[in-house]
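There are two complexes below, and they share subunit A, which is joined by subunit B in the first and by subunit C in the second.
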Partner chain A sequence: MAQPVLEISQLKLHFFTDKGRVKAVDGVDLAVHEGEIVGLVGESGCGKSVTSLAVMGLIPQPPGKVVAGTIRFQGKDLTKASPREMRRIRGNEMAMIFQEPMTSLNPLFSIGNQLVEAIRTHRSCSKQEAKNMALEMLKKVGISRSGILDEYPHQLSGGMRQRVMIAMAMVLNPRLLIADEPTTALDVTIQAQILDLMKALNQEFGTAILLITHDLGVVAEMCDRVVVMYAGQVVEETDRRRLFRNPKHPYTQGLLKSIPKLEEQKKRLYSIPGQVPNPLGMPKGCRFAPRCEFAFDVCGRAEPQLLPVEDGHLSRCWLHQEREEGRGHEPDHAIAQSQ
Partner chain B sequence: MSQTTPLLKVSNLKKTFPVRGGIFGKKVGEITAVDDVTFSVKKGETLGIVGESGCGKSTTGRTVLRLYEPDSGQVEFEGKSLLALGDEEMRRARKDLQMIFQDPFASLNPRQKVAEILEEPLIVHKMGDAKERKAQVQELLRVVGLDKSHAGRYPHQFSGGQRQRIGIARALSTRPKLIVADEPVSALDVSIQSQVLNLMADLQEQFELTYLFISHDLSVVKHISDRVGVMYLGRMVELADRDELYRQPLHPYTQALLSAVPVPDPEVKKERIILQGDVPSPADPPKGCAFHPRCPHVMEICKVERPAFADQGGGHFVACHLMDRS
Partner chain C sequence: MASESNMVAVPSQNIPSGPPLTGGSPDKAEAIKDFLRAFLRHKSALIGSIIVLMFLLMAVIAPLITPYEYTERSQELLAPPSADHWFGTDEMGRDLFTRVVYGSRISLWVGFVAISGSIIIGSLLGLIAGFYGGWRDSLISRFFDILLAFPGILLAIAIVAMLGPGLNNALIAIAIINIPTFGRLMRSRVLSVKEEDYILAARAMGMKNSRILWKHILPNSWTPIMVQGTLGFATAVIEAAALGFLGLGAQPPEPEWGTMLSDARQYIQLAPWTMIFPGLAIMLTVLGFNLLGDGLRDLFDPRMKR
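Now for the complex of A and B:
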């Protein structure tokens, strides 16, 4: 396979707070190839947004710090890039759209002003040329009225604002688009419009998309591959079909079982007992073990590794790894590794 | 559920908010948040109300409890008009009418301990002496799945899911008959959401509660409701039994709404109806049918005449001119 556009390996990003060290991202591996849409799924606090902000170089340091690992974007390690280099890449080769389209546009400047600024920061062209580029891109995202450039963010609805954000992100034709919950703040009918638009842009320009979401429905509709995170780690990675048909990790299984579905009617929903662990005091061994219905002795002692269960399907769970080594057998090497 | 008089009967409810502008705050316009909404809730059932932001579903819930005073219309609880009650009578009536809010952070007083939060409604409604109240608080905590020891803690010491359990316990404390739940699980993660939904279902069975369940999430509403009403721009456009509504939606808006929900199964291929444009401003709603500018089946009559909210048989209410043709 060709070199991925984005390749994160063994990334550890910790926050050093007064109360102790928060291991927000703790050994994450992730790759996005050209033209691919990869979903990054997990519940609040699992580290999915921190991972994406780290790629963009938007984590304030301190208190955050990349403790280990690399983020390679088109082969270049971004953890070592200078702020100046990051500024050149950001918004140009790599762009991001955020959940809140209201707070991510400047209320004091017109839409045209903000788009032209984004273009002229990275391209040497006249204002008029930049305006034309902006108008063309706005047309692609479905805003065709020409007066739009003189309008201000408060004059637009949430869906329109998110279209403007997408236009701003896509206008310089980036190689990678990071979308952090792009439709969470929007209504379902508007969400359908925006998802359609993102898919069309992905097909037209071959832009790689890292889509961060908590909505498994959105994942099923959009993504080629899916990475599931829990408590700062990747617990499962596979293609979309296998994630929904044959999830391996008990957390993924629980997550899929606990969402109410339109096509079926159950008296009770499955629910994962307990709650996400406190980031300041992660449980020993497997981080999901305290909530896992399949947990057994090893789970509480040693941390499982993210290993292939089958070709292209990774899971971080002792259940699969035990089975191969014979159940009940103490995996000494794993304990040594985790220490 | 075979009773003839519904527990709650809402007829032609209307609520407007003034739009003020200028330096003297003069009224310059009006937003009709709830416009001629009619429905009823039977004892022991759950009526779900769905709709997108700004459709008036929350305002409907609040107006029913008289947290907002309606402009016109009627709200009857157990056959008696709530709107005719004076302040003191209304305060007493609230014992039977409780509410669960969306935001478990903003709806609990951060300076009160959990025990105080749960005891306060009992004091207000003069229920029991100090000792009985204390026992009742412990019982409430047990019922919603929290520990006795939690009584002495403050809201900030709990997670979102636990806080929502406290909100539910507070709503239960006066042994109400009707609970209006306004987006009770929207702020929660899916794994916690299912815990809270299960809890609400258990409590309904245990205490014979009636829910008015307001949410934007069609899957959640389908899971918990017996009947479902769909609102658009302040109006109820469709109301039917749950299975009927989800299997055979009649209003074009309901059809579009249902088709837009992403299905968590990559092998389900749905025909998706993508609506054009945005929801119009409630300050200036379209004439005739409020949905006509976005409706794929729009006719001439839709632009001038507002369709009646009429029963199409078996309690399946729809407000759409297409129904008259077939």
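Now for the complex of A and C:
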């Protein structure tokens, strides 16, 4: 494949709070290629939203700070871009939609006003041209009545507002769309419509999509590749097929097991024991070890690396790394690194 | 800019989703109608606005409804109310009704200009403090704290003493002492509005800070300022009268209510009407603005919607 649209490598983004340093994103690698839909999965607080906001340059600094790593967007390192350059890229080459369509539009201005504003932030064109562009884009997201431009956000349902948000994000034909849980706040039937819409736009415009979600059902529906995050780190990365057929990391396995299945008549739904570690005091060694049913002595002492298990399938777990280097043998370099 | 004629009507039968919606663009007129209906139903807002409108009308058509000039003297000094002099005359034989009516011009003018000044400066400072935070916030907030550390009227007296007595200087003093009220209100509004999702969305769209401030934050923050402004108007009227009473505001022969009270106080037993009518005028104006302000606060509160 060609050069990725977005390539995050070894990104470390920490928040410096009064209580100490919160390592919200701690060495994340991620790539999104042209026309691809990549899912970024994990439970609340694992750093997936922070990663996406960091890409957009929307993390308030301070308290946040990119400590290490690069975010390359179309070859350009965004961690070194000036605020002015970031503004030019945001909304233009890279757009974002959010979880809450109900509150993502300014209640005081009409839909048309806000879309025109979005267009004219980046393109020098007349209001009329911008209006025409807006109408055309709204038609593509399935709103074809002409009165829509004069309507106000409170007149629209959540699904319609998310369509408007998508139209606003896509109207300048960005290369990358970051969707932060775009369907979480919507009804299930509307969810499916919005996902279909995003997929259709992805195919029509070739826009790469980074889809952030905690819903594996959405992943199954949408994504080409999936990145699973846990406690600020990527724990597994693979394509959609292999994620569901043959998950490697115990955390991913746990996530998949905790989806209710129709055919099984279990009394209780499986849940991963324990809790997400406190971001101020990450456990030594593997961050998932305290909750992992396969954990053994190495796990508590040294941090595993994100290494390929097979071609195009990466996992951050001693179970797989041990196998390569001989069972029972402790990899010294990893221990050295963690100290 | 709504509903331009060259927008092509698109047949609307192929809408794939979305529930039926309430109306199209006539909604704005509908909203105004709703507001008016609620306004008329709200007793204190209605009474307040009637009083305010009455004084406003009095101020505008003062020359038409007053039989004398406000400096014109008659032979009758301290005459009680009569058919010739509805409110009686003062110690110089001037018609009190005329002077009270002209006084409403001064009071409303002072209230309007002083409060407008406070709102503009206070909101601007509050906007900057709330939006940018950091050292700007510390600087501006400490400035507000310093202003608030003095009792308002004392500070006003000090300012007028510095600038010299007179209506315009009283006006400046009143504007200054009311700055922190609006500044702190605006700051707190901005602090909450800037966390709204649509602000993040606007940033994600690549909008500049200045644009976000004017387009998104200010319009969503100014409703409480409007309510506070109405209430502040009442305070300003009292403060102007107080400064006038102390001889620091409007100077004779200006028919300022506070100045009139001050001139009349030696005759309080001999000719009580010289105090009653200007005092009543102050009280009614203040009451009117307070009722209106309270009413507006209720009407703008979404929880009060029926």
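The definition used in the following text is that the second predicted complex is superposed on the first by the 335 of 339 C-alpha atoms of A that agree within 3 Å, B and C clash if a C-alpha of one lies under 4 Å from a C-alpha of the other, contacts with A are read in each partner's own complex, and residues count from 1 in each chain.
The rule is short, and it goes like this: a residue touches a chain if its C-beta (ideal position, glycine included) is under 8 Å from a C-beta of that chain, and two chains touch if they have at least 3 such contacts.
Note that the coordinates shown come from a computational prediction; the quantities given were computed from them, not determined experimentally.
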Touching A:277 in the superposition: subunit B (first), subunit C (second), both, neither?
neither
With both complexes overlaid on chain A, does A:105 touch subunit B (first), subunit C (second), both or neither?
second
Identify the partner contact of A:250: answer first if only subunit B is touched, second if only subunit C is, both if each is, neither if none is.
neither
Where does A:232 make contact in the superposed view: on subunit B (first), on subunit C (second), on both, or on neither?
neither
Between subunit B and subunit C, whom does A:240 touch in the aligned arrangement: first, second, both, or neither?
first
Which of the two partners, first being subunit B and second being subunit C, lies in contact with A:193: first, second, both, or neither?
both
If you stack the two complexes on chain A, which partner ends up touching A:43: first (subunit B), second (subunit C), both, or neither?
first
Identify the partner contact of A:89: answer first if only subunit B is touched, second if only subunit C is, both if each is, neither if none is.
second
Regarding the shared-chain residue A:121, is it in contact with subunit B (first), subunit C (second), both, or neither?
second
Common interface residues of subunit A - those touching subunit B in one complex and subunit C in the other:
157, 159-160, 190, 193
In the complex with subunit B, residue positions of subunit A that touch it:
43-44, 157-160, 187-193, 195-196, 214-221, 240-241, 244-245, 254-256, 258-263, 265-273, 275-276
The subunit C residues in contact with subunit A across the complex are 1-4, 6-12, 14-19, 21-25, 27, 196-198, 200-208, 211, 215-216, 219-220
In the complex, subunit B touches subunit A at residues 52-53, 159, 161-162, 189-195, 197-198, 201, 216, 218-220, 222-223, 243, 246, 256-268, 272, 274-275, 278-279
Okay, in this complex, where on subunit A does subunit C touch?
56, 58, 86-92, 95-96, 98, 100, 103-110, 113, 117-118, 121-122, 127-128, 131, 135, 139, 142-147, 149-152, 155-157, 159-160, 163, 165, 168, 190, 193
